[in-house]
Amino acid sequence: MNLDLTPEHETFAAEARAWLAENVPAQRLPSMDSAEGFVAHRQWEATLAEGRWSVVSWPEQFGGRDAGLVEWVLFEEEYYRAGAPTRVAQNGISLLAPILFDHGTESQRERYLADMANGTTIWAQAWSEPGAGSDLAAIRSTARRDEGRQGWVLNGQKIWSSRAVWADRGFGLFRSDPEAQRHRGLTYFLFPLDAEGITVRPIAQLDGETGFAEIFFDDVFVPDDDVLGAPGDGWRVAMSTAGNERGLSLRAPGRFLAAAERLRSLWVREGANDPALDDAVVDAWIGAEAYRLFTWNTVARALDGADLGAEGSMNKLFWSELDVSIHETGLSLLGARAESRSTAAVDGGRWVDDYLFALAGPIYAGTNEIQRNIVAERILGLPRGERRERS
Amino acid sequence: MRFVPTDEHEALGEAIDEIIAGCGGVDVPRGWANGDTASGRRLWSQLADLGLTGLRVSEDDGGMGGTPQDMVVAFERLGYHAAPGPYIESVAFLPHVVPSDIRAQIAQGVIATTSAAPHAPWAVDAQISDLIYAVGDSWWAEATVGSEEESLSALRRLVVVDPGERTSSDSAAIAFAHDEASLAAAAYLVGAGERLLDEAVSYAGVREQFGRPIGEYQSLKHQLADVRVALSFARPLVHGAAVTLSDHTGPRAVSAAKVAAGVAARRAARTALQVHGAIGYTAEHHLGLWVTQVPALDTAWGTPATHRARIARALRAE
Amino acid sequence: MNLDLTPEHETFAAEARAWLAENVPAQRLPSMDSAEGFVAHRQWEATLAEGRWSVVSWPEQFGGRDAGLVEWVLFEEEYYRAGAPTRVAQNGISLLAPILFDHGTESQRERYLADMANGTTIWAQAWSEPGAGSDLAAIRSTARRDEGRQGWVLNGQKIWSSRAVWADRGFGLFRSDPEAQRHRGLTYFLFPLDAEGITVRPIAQLDGETGFAEIFFDDVFVPDDDVLGAPGDGWRVAMSTAGNERGLSLRAPGRFLAAAERLRSLWVREGANDPALDDAVVDAWIGAEAYRLFTWNTVARALDGADLGAEGSMNKLFWSELDVSIHETGLSLLGARAESRSTAAVDGGRWVDDYLFALAGPIYAGTNEIQRNIVAERILGLPRGERRERS
Amino acid sequence: MRFVPTDEHEALGEAIDEIIAGCGGVDVPRGWANGDTASGRRLWSQLADLGLTGLRVSEDDGGMGGTPQDMVVAFERLGYHAAPGPYIESVAFLPHVVPSDIRAQIAQGVIATTSAAPHAPWAVDAQISDLIYAVGDSWWAEATVGSEEESLSALRRLVVVDPGERTSSDSAAIAFAHDEASLAAAAYLVGAGERLLDEAVSYAGVREQFGRPIGEYQSLKHQLADVRVALSFARPLVHGAAVTLSDHTGPRAVSAAKVAAGVAARRAARTALQVHGAIGYTAEHHLGLWVTQVPALDTAWGTPATHRARIARALRAE
């Protein structure tokens, strides 16, 4: 049981730290969910890729460093500590890429990975539908076989597609066998968002951004080349993604350590006179530390080959609640001025922005209610009971 | 001892509900959030005709001479409908501070706003107000509009104002005005919480997941039950503080009401968001009007920390 | 909307206050769940009755004052403020007496009420059974008709019977129609706890007291005179009690106001240097105030004839959680010394005793889970779902 | 970087489990609670033979020369089984304070206890201890037994002791002893929480209400899931603090571990009680051993308020 880094790991972290110190933009970029911000964030992905820091855990041939899990976590810590921008390529890198590595064809990997790594192609997920949110197996959008053109014709509607307003390509599940029920008969497709028959409608969020979109499919043709995995096997393929999204990959501890440190700094500057808030700051710090150490323990077990399975659900419950409480405490420290999101406000108004963002945490990537079901049933082994089916 | 709203209170609440429905209901705050304040201003004018803006102005000054109890009944309805505009400033705060000719104008429906540092550092919605003030501990002044800041709430514009020539004023009256404004905010929060709960309960009854309405799932049920309990126990504090507002225990009662209303309304907001899922997080759905207004008003007119500290001082001195 | 007392009410409260100041024992009595304490508490009931304060809301002919709801709440406030002893006659007075008034025969009222009011007869409830806790309709203890003796023969087992170890008589539900299901075919019986065939087994509690007992029934004969309400109608009769137990009657605000005041006093003496605990003390005070005002609102509506129905469930949720949090905060204020329940400890060690007592609150009189179901379904109108049946 | 218990740690934990099972398992603390300490003393002696009481005594002094990591692994098992007796005092605290001859006796299985004001104002279980001490900021002393007080926990006797002649001692060593004792308490709390969760999960699977196992009800499921999460995130803090105990960040890491372990274990206790209902509230059911031991240990060796305040000071100074 130790927390010692090898000299190689220390060198890796130091190299990342130095590069980030040199390259992270001094000014916060505009929100990536705005037209201007999207461009700026895409440019940042290119910069990252030039330094070969965009996909450290990928093989070198696709722009990575073949880095192991420990290095990846170290990089994430350094990344957020440096205050580096949010990753606009995130959905592609963490949701789609693992699937391409596991289930994609050689040709698909060649076509898509390098451009994903350098920001040339930004990917949007197209999972949910109206009526199929957390219950993904209720998907009704269809894929109709077109033998003549050697491909499929997509119809239907997807929703809550992050980044889709400005992204280049999408990926998602469609019902390719109309006879099959629930999670059978689904197929995983890749498609350009400017394909004929696709309409993307932005959805404004509570925080004023337009991170979400609806995507309407009206006879959209996708060639066989862009089916990921076998036709009909989409559920199994997608579920490894869902595990990923909820698991280690989306939320390395760096983000929360950085937020807890911003909170500490704010408290030292603003909160020293209100001792009633001390405990909340301390608890946020404890939470971030717990998350950091939990992650290192998970990394060690993953390296030992443990099947982490449903543990991602614990992870998601913990970080989503920690994130809300860090930002609620931050706003409390700001007192009467907390309400302002003006750039002239404390820390450029980001406490409000980040609070509103945090509020979405318990909802997306599987609501926390679903996560608690998973923990109760798969980890604690409590009986399933009356619910008929669940992802 | 008859601690229950009177028939007159019920009638006042219903009159407000009807007027707001007539002005478009949820379209009023929705329009306001998008910068279209026309229906909000029409609503203001109709509520002024009802007597709302003169509720706390004496009959001699052309108002209704109503009680704090009337005031909280009204603000609970305003909160339920997310009525936009500087009602707290015009109706609950300024009448205790400004001279009678201005009170009379407010009673007639002139829109007034003010800053009142430290608890209300901006003059909210000054850009649509006819009269703009700044109030200190023992003075008030006409003020001019400075820079504008975006609020956490879609319904509030935060306007920095510069006070002009200061007029001395009774600091006790200003302190009372702060208490009444805090209490108005508390009542608004309770109303907002009730609306959030209603929205969540309706949605839970129709939205299905895994083949069943989500309102059948015990976890959401229990979260909603906890909201019901929190609101049901916050409301008597608001009404009780209205009854005792002028007593020496008034300030602590106001603080208790503001804290409890904020806790209950925040819980309602979090739960309603959780019940709605992603749809509730969109700007297109009206839920967000309340979800963002609640933390803004919980912060304004005395943060929870401020009010808890005031109660602690009172309890320690007892 | 007002909180003004009439001069009559003020006189009533002043009279109660004066009598209590004169008569409340200076020393806390030993726990009523000990042999010695039970005797002392029974004696206190007699003293209360002599002053005609034991059952203020009852008719004068049975030892009461015909007091209205307002006076009753005022009396309860004065009672707890005076630090008066816990009521060992509570279960009889608040659970059984309302039923006797509503469903009892003239003869039953004559036989039982006066002795209940002066502590001569202490009653224990016999509701739950192993396997029928919060789910009372699962009762399996039986009542067999004995036409010859004009009565019934009880068999079975009851559990969680408070006070039964030293009490004189019991009341409870038995299944008189073996064919009927669930809440049909139950009958409400009254019986002496020293009847032939009854065995009472004490159950020690977590807090070291023996407030609970099991009662075993082995061919216990009960004459028709001691059937309360009609045979087979026991469920309906009992449910008015359950509503009572959960509702206004068991938990007038006095108890929580007194506990919050003890907390405030402790905090002024012990906690001034730990500002992090200020908020918890303040929140306890806010909670007690909310409970007081909620009660006055309920009283006003009850006097207006409103059907309060399921509101007792909100009440129970609120006070049971408030009670735990008041006592957790009290223990926090005591710091490292919190652990001691010695009489030499702060406030005679009662913070530990009262904390352990408070822990039972979310369990008894219908668990808080059941109360939340009731609030969700009966007050909010959410759908019942698949639960098959509920009290 | 390999932040996971080693095979040796697993083996140590299993050995402790086996010894406790051999001594009667839950009958050991149950007997202790009823004043029968025989099996508890037998357990102590067998754990001493295993090396537990000398875990933190150097090999030169006849101990095992184990690490803080070994210590937390052991205390987690002790907590899981509610092992009674002054283990924290003998194993985690005193070896850093007393001279080597006494350390050697402890390693051999002599039962020692101590007060260590202000965080441990009583010498727990002094009535069954062979060696009794009192420790101050910079001194230690043999002590005589005074009055005895009943604890919130059925497993602890609180004994007031009078220190005899004082011997000066290194205050840094005593501070370190306090940290290690706090960490031992944290590990014990995590173990106790795990047991409470196991008990609750088992019971929820068999107990039926309204015709279904209560473990099917989503509300209890979610409460239990929250306990699982709280414990799973408290445990790495305990193990992490063991790794960094001697660093300059050691004290704050210990405090974080103690706070988080206490929160998680208290949540486990409340939930387990709620799942069990009235049966869990009886002295006859063994659940109460953990339900009362948890708040007692959360309070001992630094209350949550004490530890949070220490973290706050460290964070402010950073």
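Just so it is clear, A, B, C and D label the chains in written order, and each chain counts residues from 1 on its own.
In this section, a contact is a pair of C-beta atoms (placed from the backbone, for glycine too) under 8 Å apart; a residue touches a chain by one contact, two chains touch by 3 or more.
In UniProt terms, the chains line up like this: A, B, C, D = Acyl-CoA dehydrogenase.
Remember, predicted model here, so these are calculated numbers, not experimental data.
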{"item": "Given chain C (Acyl-CoA dehydrogenase) and chain D (Acyl-CoA dehydrogenase), the chains that contact each of them", "value": "A, B"}
{"item": "Euclidean distance of C-alpha centroids - chain B (Acyl-CoA dehydrogenase) vs chain C (Acyl-CoA dehydrogenase), Å", "value": "40"}
{"item": "CA centroid of chain A (Acyl-CoA dehydrogenase) to CA centroid of chain B (Acyl-CoA dehydrogenase), Å", "value": "37"}
{"item": "Inter-centroid spacing, chain C (Acyl-CoA dehydrogenase) versus chain A (Acyl-CoA dehydrogenase) (mean Cα positions, whole Å)", "value": "53"}
{"item": "Two or more partner chains touched - positions in chain D (Acyl-CoA dehydrogenase)", "value": "212, 217-219, 221-222, 308-309"}
{"item": "For chain C (Acyl-CoA dehydrogenase), residues contacting two or more additional chains", "value": "276, 278-279, 369, 372, 385-386"}
{"item": "Touch-based graph of the chains, sorted into line, ring, star, complete or other", "value": "complete"}
{"item": "Complex contact set, residues of chain A (Acyl-CoA dehydrogenase) against chain B (Acyl-CoA dehydrogenase)", "value": "128, 131, 133-135, 138, 159-160, 203-206, 208, 212, 274, 276-277, 331-332, 335-342, 344-345, 349, 352, 355-356, 359-360, 362-364, 367-369, 372, 387-390"}
{"item": "Interfacial residue positions of chain B (Acyl-CoA dehydrogenase) with respect to chain C (Acyl-CoA dehydrogenase) in the complex", "value": "1-6, 9, 69, 197, 201, 204-205, 212-213, 215-218, 221-222, 224-226, 228-229, 232-234, 236-237, 239-240, 242-244, 253, 256, 259-260, 308-309, 311-312, 315-316, 318"}
{"item": "Residues of chain A (Acyl-CoA dehydrogenase) defined as touching chain D (Acyl-CoA dehydrogenase) within the complex", "value": "1-6, 9, 70, 264, 267-268, 272, 278-279, 281-283, 285-287, 289-291, 293-294, 296-297, 299-301, 303-304, 314, 317-318, 369, 371-373, 375-377, 379-386"}
{"item": "Residues of chain C (Acyl-CoA dehydrogenase) that touch chain A (Acyl-CoA dehydrogenase) when the two form their complex", "value": "275-276, 278-279, 385-386"}
{"item": "Chain B (Acyl-CoA dehydrogenase) residues within the chain D (Acyl-CoA dehydrogenase) interface of the complex", "value": "217-219, 221-222"}
